[in-house]
């Protein structure tokens, strides 16, 4: 049993509250247990300069933590830049682009901001999962007002963490588990059951191929459940995405 | 009549939701209509270095805007530094210190973070008003666990904006009004009816002393109403503050 | 009596020396007692980009302190940026713009630099008062060489500080007084007797409305005397400004 | 066949030249084909402050690219900071720590600098592989002069990239292949055949679990060959590491 | 003849006004014609950390230009940092240290700030020459109040520029001459007729050894005249320096 | 005799290895004894913006030190910026421009990067000497592919250091000598025997004119030997340069 009473392969309580921002084209607050992230998608009618004339658009992401989203306060400078912050921002951006046909988007840009309100482990996986919803809601709205002509989303994307602790495989680590564990993996998957990102790090003890395979089994289970949560709040998107 | 149907001397709907953060010693979300600010108070058991040996503590504040808290997205760097941001941070800090007996606080520090989730005018006055509640809740908690021996708060503090538009005095400006108006004043007041800060700027047409007096009348009315909202969520604080 | 022998409502010795810079379009050194500020106005034939096509121009200001303008040396980085510096720069800019018809200026810009040579309290009020003179001298020169077609100045602007100390109202605080005093206000006024900026802060004890009114009385007296000093060095400007 | 004539599962020519620096405690130039990285290990007799009193030491890494190590010159600022640079620095550091018993190192620090002299794809895997050699040579030297009492290295570590292109699995991608390919994975492995890091990104087309498994087969083959290259230049280390 | 009517080997009008700052331990405004620099010397009772325990002190310098000290306004950031600014700061510091016995100064520091009020060529040579006077006045004062026990100055130091234009050797170049000239040299000399710094740059045409020798003749003449100007304002220092 | 056995006027072993970079238009590694610098020349088909329309091009240089190129590791930030780094970059740029007819180059730019692999004194003189070779090789290549129509190099340029130690004149100081010595001069000379830069600093004891002359004699000898080394690797350039 885990410290919060969950089964090894059980997600924390997932909650996605859509349309929480007055101004953003798409937005939600995503909760993985006590981890809460505000995701907003901002539409810009032109693509970054290096894409000019290519006919394709861009989706990018920025991640930040509010100063007191954690046990001890983070200094503002550190919460907004620094290696870890940029690494996560880049991961979210790549993950979301895997769900988008950038040619269908055309020479436009969507910026997804993921700001952590409360951090209890898994902020990057919650950000990908919620960021996708914000992005999808923005696409729906842009289509509704004919700002874009076709739905550029071509797939679902969600993300989850898996850990390895004394031969047990744990799904969706909270902060306490994450701190105690040797190997921590993050998986980003598509609705069609494939991988977009696989990131695993053995802080203390390296892991075997067998263990990696077992972790993938559990991750797949978790991502599938997340797709259902996403679909519940995005409504029409699913069908539009052509599945 | 105003564009949102309010009377000239009427506040927007005020809402203060306490204890919204898992980790902060005190916290609330304060809403002035569609303006929403997350306020958290962080306790540090030691004072800044320049106060060492003085027997006194410190209260400081930092203000920030989330990237998509406004109509058009603000770049992260700009939302966290820059002249305007620092100016507002300093104003909030000074205002909150006016409510505190720093000797009673002792060589400790409380940092109040005010992060704007949604901006529709009056973010600095909402930040002072909500920041005070976060500070008060933190003080209550520190007292309850005997981390401090006496309540360091000695007064209430709230803040409100007033504008001058075609000879009309408008209380609590929203963004639309703020943009259209020549003179914009911010008042920070104490529960005992005195001024902590008076800041007025005539962007286009200078104002007369008579007009300034009329604006103060309306500001007093607004701040008094805000004290009632603060008291409603802080409970025991009022009596402890001894006024 | 005050430590330097002045009456409560008496300004320090005011001295404005015009045309001190070889290159600036307008310049002066302004002295409020031992506070000395070098003010230069730089003309640029085009407006900032965000005003392009608007037909209007811009006036902005930058404030800085020389490293050894104070009792203990300030580090260069700190003397040129930082919250306080930017806040004062913004105040000077707003104050000077209140004296200018930006449409008459046309798509041009004037930058007023206020660099403190010696700081003994009141550097921001001296900067507004001297910055106005530098601006006026630049406008006169631009008009003389037909670079602009009409005098864009529409009013006088000066600024003064007032303090509240043991129920006494003190005009034009020096550094020693400023450090000892609870409430410190800065007023920016026009030649027509109206307010452009009112900024008051009670560091320790909040102040009442009565006290604020008494401070305004004294501030008006101070600003009126400053207009006479300004007029003495600017010559023809007064009449051109249409008063 | 590949553009440079290699078999799909063939490494580029690997060359490790040890002791290239006059001052560094350990150093080498590692070459994966035309990719060349200078790796230096710097010993510091004390650990970072946050480890004080823990009895444990630290190994960290910094990655940089020389301005003209690439086809088009990179600006110096960008070559030394920025998200990608920091992400790779963190990856190298984590990978090398997996080979070290930090308790055996004691309260000391080793900093491994990996500076890319020439970039033709795979700079991060070459950096891990060569950085390990520099680290090992430094440990050997510190042991020889009794600066440390026991060999802190407990395992080999090397890294290699694998790509997926039109159903083919390619080992050790060069720049041309890397640019053309959809899925790019980096594996960091230990001499005992386990994983330290698994990082895979599908830029365009997500990949299946079967494909991931096939990529792991090839990566294992590559890492094993790299261990032989490392052992050839490090001499005694292998036995000291206890295998 | 030169554009300003001077002979080839004639200095501009030199003027040194001592004690211009209220707070600095030593200060002057130095003028080389229309070039005007404010020099202040700040005393700090302890040496930089890297000298702790050495028994020796330090003299350092910082150079800056006020935004409108030049024909076209310099941005503040640029006027205070940047390669040229740092290069000149370092030159002034080295030059002044050549005049000081750092052991006699003891573990103390003197910081000389040279801020250009008006730039018409030769700001670095004026800064060295005036910076020396500020330093000397500070030393005299520290000696008078027994803060130091012995005069640490052991020599005079002054600096002058020399240029080469169409086979003519020009002493003390103004801005106009400096812009038109190919070779520009700066010499820093001691009162005993030796060189502390020799810096020559041929922007267009390299110069011969003969020409260099001719430039040195003229520089010596200039520096000797500057020592007389320095001695006139420093009074007692000369004798104490013992040369 | 010197610590490394050289005669007073003897260069260290000089070695220039051309064409060491895969991508740079011109490159070499230059060695002055144990000092090793990687020099690369990057061609850009357009000139900096401030030269647009002038018909002339630009040559600039950037200098950096790899973190462990020295006895104790330099922090990356410091190795790439800071006063000393910028000062040396500017010196290299000026020196190389003295060898180039910028009109013949046309509106193009060549950037020479000098990155120190190993520092044992004289990094700036090695950088000028090797940077010139990289520049020359780039010009040759651009001419060969008709990217430029005429050889823009009009002279040779090399640089060497000279020191003064107990009345002895030492050529080409290594780090140990440089640290022990009072006066350190750097000379940049042309193939026609003239000076481009003369930079001398007396850290402790000022030097006389006689001593300066003796140092020039030795410098000339050193530079002449360097021209022979440069010519040996540049081949055809010499004749093209017309001397």
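Each chain gets a letter, A, B, C, D, E and F, in the order it is written, and its residues are counted from 1.
Keep in mind that, in the parts below, contacts are C-beta pairs under 8 Å (C-beta built on N, C-alpha and C of every residue); 3 or more make two chains touch, one makes a residue touch a chain.
What you see is a predicted model; the values in this text were computed from it and never measured.
A.B. asks: Among the listed pairs E-F, C-E or B-C, choose the one whose interface is a repeat of A-B, with over half of the contact pairs the same by residue number.
C.D. replies: Residue-number overlap above half with A-B among E-F, C-E or B-C: C-E.
A.B. asks: Find the chain most remote from chain D, comparing centres computed as mean CA coordinates.
C.D. replies: So the chain farthest away from chain D turns out to be C.
A.B. asks: Farthest chain from chain A, going by the mean of C-alpha atoms per chain?
C.D. replies: E
A.B. asks: Could you give the separation in Å between the centres of chain D and chain F, each centre being the mean of its C-alpha atoms?
C.D. replies: Roughly 34 Å separates the two chain centres.
A.B. asks: Whole-Å distance, chain A centre to chain D centre, using C-alpha means?
C.D. replies: Roughly 28 Å separates the two chain centres.
A.B. asks: Based only on mean CA positions, could you tell me how far chain A sits from chain C in angstrom?
C.D. replies: 52
A.B. asks: Mark out which residues of chain F touch at least two other chains, giving numbers and ranges.
C.D. replies: none
A.B. asks: Would you mind giving the ring's chain order, read from chain E onward, with chain F coming straight after?
C.D. replies: In ring order, starting at chain E and going to chain F first, we get E, F, D, A, B, C.
A.B. asks: If you look only at chain A, which of its residues touch chain B in the complex?
C.D. replies: Residues in contact with chain B: 21-24, 27, 34, 38, 40, 42, 62, 64, 66-71, 73, 76-77, 80, 111, 113, 115, 117-118, 120.
A.B. asks: For the complex, give me every residue of chain A touching chain D.
C.D. replies: 82-84, 86-87, 89-90, 94, 97-98, 155, 185, 189-190, 192-204, 206-209, 212-213, 216
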